[in-house]
Amino acid sequence: MSEMWINMGPQHPMTHGLWNLRVKIDGEIVLDVDPEMGYLHRGIEKISEDRHYNEIITLMDRTCYVAGIAWEHLFILAAEQALHVEPPERALWIRMLSEEFQRVASHLMWYAAFVQDIGLMSPFLYGMRDRDLVLDLFQSYTGGRLTYEYMRVGGVRNDLPPGFAEQARKVCDWLLDRFVEYDRLCSGSDIFHRRCDDLGVVKAQDCIRLGITGPMLRSAGVPRDLRKDRPYAAYDRVDFDVATAETADVTGRYVVRMEELRQSVRIIRQALDWLDKNPGPVMADNVPRWMGAPYAPVGREGYLLKREYPKGVGFSAIEEPHGEALAYVVNEGGEHPYRVKLKSPVFVNLSAARHYLVGYRVADIPPIMGSVDICVGEVDR
Amino acid sequence: MAPLSLYGVANTLVSTLLLHLAAVLPAPLSTLASNSGLITALSVLLFGAILLGASLLNTILLIWFERKMLGRFMDRRGAMHVGYAGLLQNFADGLKLFRKHTFKPRDADGLGFFSAPTAYMVTSIVMFGILPISTGWNSGSLPLSLLLALVVFSFAPLFIFLGAWSSANKYSLIGGMRSAAQMIAYEVPILLAVVAVILLSGSFDLSTIVAEQRNYWFWGPLFLALLVFVAGMLAEMERIPFDLPEAEAELVEGWNTEYGGMLFAFFMLADYARALVGSYLIVLLFLGGWTMPGWVPAPLTNFPLAGILWFQVKTYLVFGVFIWVRASLPRVRTDQLLRVGWMRMIPLALLSIVLAALVVLAKCLPVFGCVPSVGG
Amino acid sequence: MEGEELSRRLVGKFPAVVVEPFRETAGRVRFPPEILLDLFREMRDGLGFDHLGQVGAIDWVEEREVFYTLWSDREKQYVFLSTRVPASAPHLESLTPVFSSANWHEREAWELVGIEFDHHPDLRPLLTPTGYEFHPLLRSFQLHEPEGLEVKVRDV
Amino acid sequence: MGRLSAAKPVLTTPAAAPTAEDSPLPMATEPAVPFIEIETLRAREFLPAAKEALGSLLSEQAQGKLIRPMFNWAGRNSLFPLHWGLACCAIEFAAAFGARWDAERFGVVPRSSPRQCDLLIVNGTVTWKVAHKLITLYEQMPEPKWVIAMGNCATGGGPFRTAYSVVPGVDKLVPVDVYIAGCPPRPEALLDGILRLEQLIKERKE
């Protein structure tokens, strides 16, 4: 069989989303790849120029649908800078708690998808089952399972419900038990190591050259984590370790994500303790009441209030479950941002696909791409 | 106890019917009706029909069994709402696929595209006629039934590759090539493992092989051969961890990507028929077939059709192990699979032949207390 | 690294550069488009900002701004750089010789805001469909309700 | 009815018409069409006629009472959706096959190849870039097939309605049987949509 191009996508079980990986193969060996993106390009940056700040949160949830809260957090941090608003402390802790819960949910979703890529059938169901418990917690205080619209410029929409902490602690205990089980199913299996060791290797130098961030970078031994290096929310006041691995391969990414799950539970527990002890407001006082309104009055011209903000720019960076996400919000007065630029970590990690796919086999593509943890929503935006 | 035989039952039914017919029919027809050739022909047809129907029902039950078991392994319930506990689910699937529009992709080769699933189905179902599931319940005692079974069993890669090639789809093609490579690679260790069984039993006849296991089942002395055989069967059935040809993550649906409707149903059904046949073979060769060990109380083994019952119980247990494996192991890669096949399985199978030879020698020693039976 | 130090180390080499304070970063460096490659080489090799975070562009109607974010593991800080090109001739040198990860970022900036990056290895549309003629993030591109859209019905 | 009218013109072949016009009083012994030709025609006609007779028998007697309900039962109890994740709703789609909701209880098993599917669940935002691929997938599915528009984006563009790249409703591209509201709909809503589709199939007449 001579060389041929095959299209993996847009409808392909490997893609976990809507993109196309064109692969040039010779037999089973991958000679060249060319990712084609844009199948889910929804123009979020453009629509944001047409929306009120609190309306953009709706879009942020949908930007990355497995890590909605993290993207809300990213945008809110930039928007608060641009609008010169300071949130109260409790809101920071709730945001951090939410982001860590989101990290757990996102990594569990990744686990479910990844094990299916290497052919393990039942852990997919286990991952989804345990993720549902976290989503139940989200539902108890935001009302949504995937798309929350929870954060606001100047704080968060509402406080945690009573009894939340006990339930959350129960879930944490349950999850820690399950993580042991996951490890036994995956890294305890010889076939898993035969499949995933020395696969999709990107060394630290290459990661930095290619701009790769997140668990992929940490699996190469670089302990870069914006939560530690450039603390936002209340991350400088909790105790946690940055998970790293040395192997820079698929197994390394697995190990890093599994350790991050444990660290997230650790952060969650500390945040729950702090939240128990420190009740208080969750919205800033100096925010006009209408700014926290969930939606703007109907009509394009007929606003009840003329919304004018002071000019400003906001730049934020957070450690999203997939890596380092950046937002840049320009506010030129008026009620809509002038420009919202979002940088997705997966966008960059995926742009390096040629680097970590060429030379491996067709059967290696799903585990490697699975270990990258693709969320097409935030790549295409 | 005269064992009940399927052919005997069919023969009795047909001859009784025809004799009654002969009694009422006018002269030229009555002689025709009482013709022994006709009776034999009709009995064979009836026998085949019963065998086919029962085997297909069994296959469908196997699919149901797998779906429910997998559901339990995955912490869910599987099919529930169609029929009692979802028993009718697979009938619904089959009927639906039967009604679906049968089509051919534009670039596909018509002859190969349509004939491959049919041939695959036929060769898989023919196996049920060869394998005895109890004394008297096969098509006749062929002296080389084991060889025949293995030969028919190994037709599959040809038809899979034919179907894959003629669907004019790159995924199908890669899947078909993987399938052919893997099945051919694992034919060899399977045959070598079977040689060990043949050495120990001294026969190519499956009924004799089962009869030879009346004192001890072969899985004990031939444990190595059993391991090789089970691994080979996993590869032949294309089940996880060896389901590379249909590797869903990379090859969409593998070699049956382009097949839909009834042709897809053929492939599915034949796949499970092969899984059933593989489990049958394991039970026949290593787990004593329909016989039960002596310590089982007589009332449990003495009633009519007890052989079939125990045979099916063993088959489902063996298949349960396959499901368990499927639910808990990841998929291997093609090169790893082939390397394991050629470089691990074949030496192991050769070793198992040596062990079998040693056991045959040891059988002559009085310690084992078993009847030396080499050569009959 | 604080803004003053950044300014001291950059302005000596590149007099045309202006460093402004920018919240939660090392600063915001405004530079003329001509010195792009030299400046970024200096940022990467001299100052240790070796990780390209993002490349984006803003349409200010008369001119277009291209901004870059760099991260340094040594300083644990971001630095924000921006330059402006006239909207009549939105040409800018491609950053790919210095930061190869700029490839996709620049493709995106080209198709969304219409900045033409010279000497880019592979300036194809990334997100919009093939043959899409507009740069949607320009201010002149207006969103509208889809009722105004004409959908062509395809005969099946 | 369509089949009947299609079968009729075979008897009066075009060759017969000019003969009738040339000689207005043809001899009684001389058939307008040679006998042998009629026989061939009849023979050729036999199969369609027999098929039609059988079909009409089945349609009138059995189809309404036995065959159609049986096939509808099978069709509605074994819906194979296409394994295709578009956007946010795809995550809830996956959750519906998870341990808590387990859509396989209803015989819903996702398949990766459109050839083996009979249900296209459009679970997310459809952009113009993917529109023709969606239509291709729909056309690759064999009849009978159904489409569920899951979520607001597939139903009408959702929050991205005004975007330049988004199809405002997937019914612009393929015929939709069931719309599910929600952004994204919960897995229960998806199951409800599937059950509603089953109801539709149950009442199917053709």
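Lettered A, B, C and D in written order, each chain numbered from 1.
Convention: a residue touches a chain if its C-beta (ideal position, glycine included) is under 8 Å from a C-beta of that chain, and two chains touch if they have at least 3 such contacts.
Everything quoted here is computed from the prediction, not taken from an experiment.
> Could you let me know which interface, C-D or A-C, is made of more C-beta pairs in contact?
Greater number of contacting C-beta pairs: A-C.
> Taking each chain's centre as the mean position of its Cα atoms, how many Å separate chain A from chain C?
A distance of 23 Å separates the two centres.
> In whole angstrom, what separates the CA-based centres of chain C and chain D?
50
> At what distance in angstrom does the C-alpha mean of chain B lie from that of chain A?
Computed from C-alpha means, the inter-chain centre distance equals 48 Å.
> Using mean CA coordinates as chain centres, what's the chain B-chain C distance in Å?
Those two chain centres are 64 Å apart.
> Could you pull out the residues of chain C that touch at least 2 other chains?
In chain C, the residues touching two or more other chains are 127-129, 136, 141, 143.
> Which chain B residues reach two or more other chains?
Within chain B, the residues that touch at least two other chains are 74-76, 248, 252.
> Where in chain D do residues touch at least two different other chains?
98-99, 112, 127, 129, 162-165
> Please list each pair of chains that are touching.
Final set of chain pairs in contact is A-B, A-C, A-D, B-D, C-D.
> Per the contact definition, I'd like the list of chain A residues that touch chain D in the complex.
It is residues 10-13, 15-18, 38-44, 46-47, 50, 58-59, 62, 65-66, 109, 112, 125-126, 128-129, 131-132, 145-147, 376-377 of chain A that touch chain D.
> Given the complex with chain D, which residues does chain B contribute to the contact?
Going by the criterion above, the answer is residues 67, 71, 74-82, 86, 88-89, 91-96, 98-103, 248, 252-253, 256-261, 264.
> Which part of chain D faces chain B closely enough to touch in the complex?
70-71, 73-75, 77-78, 98-99, 102, 104-107, 111-113, 115-116, 118, 141-144
> State the interface residues of chain D toward chain A in the complex, per the touch definition above.
Counting only chain D, the residues touching chain A are 82-88, 90-92, 94-95, 97-100, 112, 114, 124-125, 127, 129-130, 133, 137, 159-160, 162-166, 183-184, 186.
> Residue numbers of chain C touching chain D in their complex, please.
For this pair, the touching residues of chain C are 127-129, 134, 136, 141, 143-146, 149, 151, 154, 156.
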